[in-house]
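Shared chain: chain A. Partners: chain B in the first complex, chain C in the second.
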Partner chain A sequence: MDAPRPGVERSSAESGNWTLRVRRSIDRRLPMDHLLPDRQPYFVGSWVYVFGVITIAALVWVIFSGVVLSFMGPQWWHVSGVGRFFNSLHFWSVQVFFIFMVLHLWGQYFMASWRDGRASTWIIGVVIFAVSILTAFTGYLSQQNFDSQFIAINAKDAMNGAGVGAFFNVLNFGQMYGLHVMLLPIGVTFLVVWHIVMVRTRGVVKPIDRGGANRQ
Partner chain B sequence: MDSPTTYFHWGFILISLPNLLVIGGMVVLFAVALVAPFPHGGLDDDGRP
Partner chain C sequence: MKDVTQEEYYRGIPMVPFDLVKELVIAFVGVGALALIVSAILSSPDEPPVTIASWAQTDPVDFVTTATGELAGTTTSAGYGQPYNATPDAAQTWGPIAPQVWFGVRIPVDSGNAFVVQPLHRAAVNDRELDGALNTWETASSEDRGKWTDAYTKALEDASVSGGKVTVAEGDYGPLPVMMASLLGMAQSGALDGVLQISGRFYQTDYTPALLFMGDGGYLDGLADHWSLHGDQWGMMNETGQYPGQTWLWLYTMWYQVFPFNDDNGIAGLNAGNADLGIIVLMTLLTAALALVPLIPILRDIPRWVPIHRLIWRDYYTPKRRSE
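What follows is the complex of A and B.
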């Protein structure tokens, strides 16, 4: 049996080594100075760019307060003083999350920030918005009070009318609670991380040129 | 707190006072963000303001 030539052996080992290929691909697409930059272009010096960061900060509070609520349970969040505080913290951090997500959406819309290969970043943002609305709706159904019962009974007709009542049963508390505390938050968090990585990969979109030269 | 809120009805637009205040506040905040000076205005890699 012939001995393998050193050069050929290395080349074939590299081509078959998926960890090496993935590492090189990440290094090429998202070097660390892009992932954690210490400077930004001059046009980023505007409060409009703060809306997205506030949205992420609100999401952190939503998840933190939600973890506490799920650990302690509905009797705690409806009866005890601290529980009602965390219940309110969860509700109001969601309000901040949605308000600043919409402000971020307005800002990015008027910047046309889907330009220069950033369409997928924009689309992921749209999906985050949709999944967040679904998460909020299942949250209203998970309150364990008369309000959630009223909403569930009214929403049942809407879901049946839309043809999804068999798969998405708003009267099934276990299904709504499971979606709200497990699947949908994981989905939102994963999509937000993906969204941020894509922003870091491409960088912040350049301002639209007054003459329209930068429009695509 | 238990009384129903005020609603505004202009043509096909029907909106509650709290929702109108939230949307109005968002529009104002967006406008302020456009014009308010940003502290420590960022410099680019060339130190350009």
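What follows is the complex of A and C.
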């Protein structure tokens, strides 16, 4: 794909073209047949490999239902049957998302998936887990019902004890709602995309050697 | 490890057909179907929020007791410490670690003034008796104020309620009966809900004052106890009704149930009094350890010792397939 078009000589200026260099770098690191593979090593046969895919699928449903809820406003689902249904869809998608993310995490742990240069993929996965917890936490605080009231009153002590209560004020609905519908979902989505790109770039890790080799 | 291509990494390993897009679509449809069905059948929790009005109507004695406590400075928020006020020795610390103190008073809350006196000043515009009572309160010595709040708080223990009004035995309570009757009336009418949200601007999304005030009372706490939402009831994992809460916080919640975080004396300076700080520090360290597992001996070796990987890669460890 980097070959010059017929009849066009590649000039020295082209070799200094930033766009070309970025494209070549992407082609080299993550060619399309790695991003969307149609073949995989024969040892990839366990259901454990599906947990990550289900987590991503659940995230899509979480974002879809969340976009509908945020578009209609925070009061809507309390007074509308359709709104309540979309809130339920959001609620249960989040439950599925966390269940399979935790299963994915444990599965990858027992596969020691950080081996062979994949430590950064593992670390980003743990960061996704932490940011997702924060996102869900702000969601529970944004429900505008009794549960969110009591979570806020209790959680303020933990935040204040850690010294961050004034900057992350769980009693401030506007701040929690803004974080929940905007900044944190963008953070989770960005990190998940990054995580997927890293997985697809390197491919899945090989099984742990019989001899016990556990290279980093 | 040297940066190798996938072709180099998988050299010699048989490859089999795979359809990633099909797998993604099936997962998307499957999760969607599951979530749609569960949503249709089970719905989701939505217990209505408590308002100052519903609190004052349902439990007027608790409301008046809390308001009196705000004036006396005996409520949680009145003596909370940073970031609301500078009450000495109120902040959670662990030895020299005192982040609550380090960041100072950032959201100033003078609870007696903010939750009781200022709202009453709004109501006193057309109420001479209340205006006089407020004047008496504000010009009284701290000794007189303490005497009145002590006596009134004690009398409230045997208070009776009739027609939504709170009645206590005769005694020297200074202006408190007039002030509290007015505040209770404001609260029961719903006016206090609005007054506590006024911040000099029309739009308002910060519920800090109202939530701190309600948190000082016993009414909201009692409802939370009914739904098992307290910290010592694994509260963060629970929801109202029969719904799951933030079950992924089980480890964080667990620490509140065990020594030293559930003990008044504790050990090494960690106890129930500074449990929030201790548990946040502990969870931060544990999260960092989880992220850094690839670099931590023993933790990174456990998967090799525990043969769960042999179940996951059953094909690989089966001699027949491996020799192919």
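Going forward, the second predicted complex is superposed on the first by the 197 of 216 C-alpha atoms of A that agree within 3 Å, B and C clash if a C-alpha of one lies under 4 Å from a C-alpha of the other, contacts with A are read in each partner's own complex, and residues count from 1 in each chain.
Assume a contact is a pair of C-beta atoms (placed from the backbone, for glycine too) under 8 Å apart; a residue touches a chain by one contact, two chains touch by 3 or more.
Since this is a predicted model, take the numbers as computed values, not measurements.
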In the overlaid three-chain picture, which partner chain does A:39 touch, first (chain B) or second (chain C), both, or neither? both
Could you tell me if A:116 is touching chain B, chain C, both of them or neither one (first, second, both, neither)? second
Looking at the overlay, what does A:149 touch: chain B (first), chain C (second), both, or neither? second
For A:24, decide between first (touching chain B), second (touching chain C), both and neither. neither
Looking at the overlay, does A:50 come into contact with chain B only (first), chain C only (second), both, or neither? both
Contact-wise, after the overlay, does A:103 reach chain B, chain C, both or neither (first, second, both, neither)? first
Determine where on chain A the residues touched by chain B overlap those touched by chain C, and list them. 39-42, 44-46, 48, 50, 102, 107
Considering the complex alone, what residue numbers of chain A touch chain B? 39-42, 44-48, 50-51, 99, 102-103, 106-107
Residue numbers of chain A touching chain C in their complex, please. 34, 36-46, 48, 50, 53-54, 56-58, 60-61, 77-78, 84-85, 87-93, 95-96, 98, 102, 107, 109-112, 114-117, 119, 122-123, 126-127, 130, 133, 136-137, 140, 143-154, 157-158, 160-167, 169, 171-175, 177, 202-203, 206-208, 210, 212, 214-216
Touching residues on chain C, where the partner in the complex is chain A: 1, 3, 6, 9-10, 13-21, 23-24, 27-28, 30-32, 34-36, 38-40, 42-50, 80, 82-83, 91-92, 99-100, 102-103, 106-107, 205-208, 211-212, 214-215, 220, 223-224, 227, 229-231, 235-236, 239-240, 243-249, 274, 276-277, 279-281, 287, 290-295, 300-301, 303-304, 306, 308-309, 311-317, 321, 324
Chain B to chain A touching residues, read off their complex: 22, 26, 29-30, 32-34, 36, 38, 40-45, 48-49
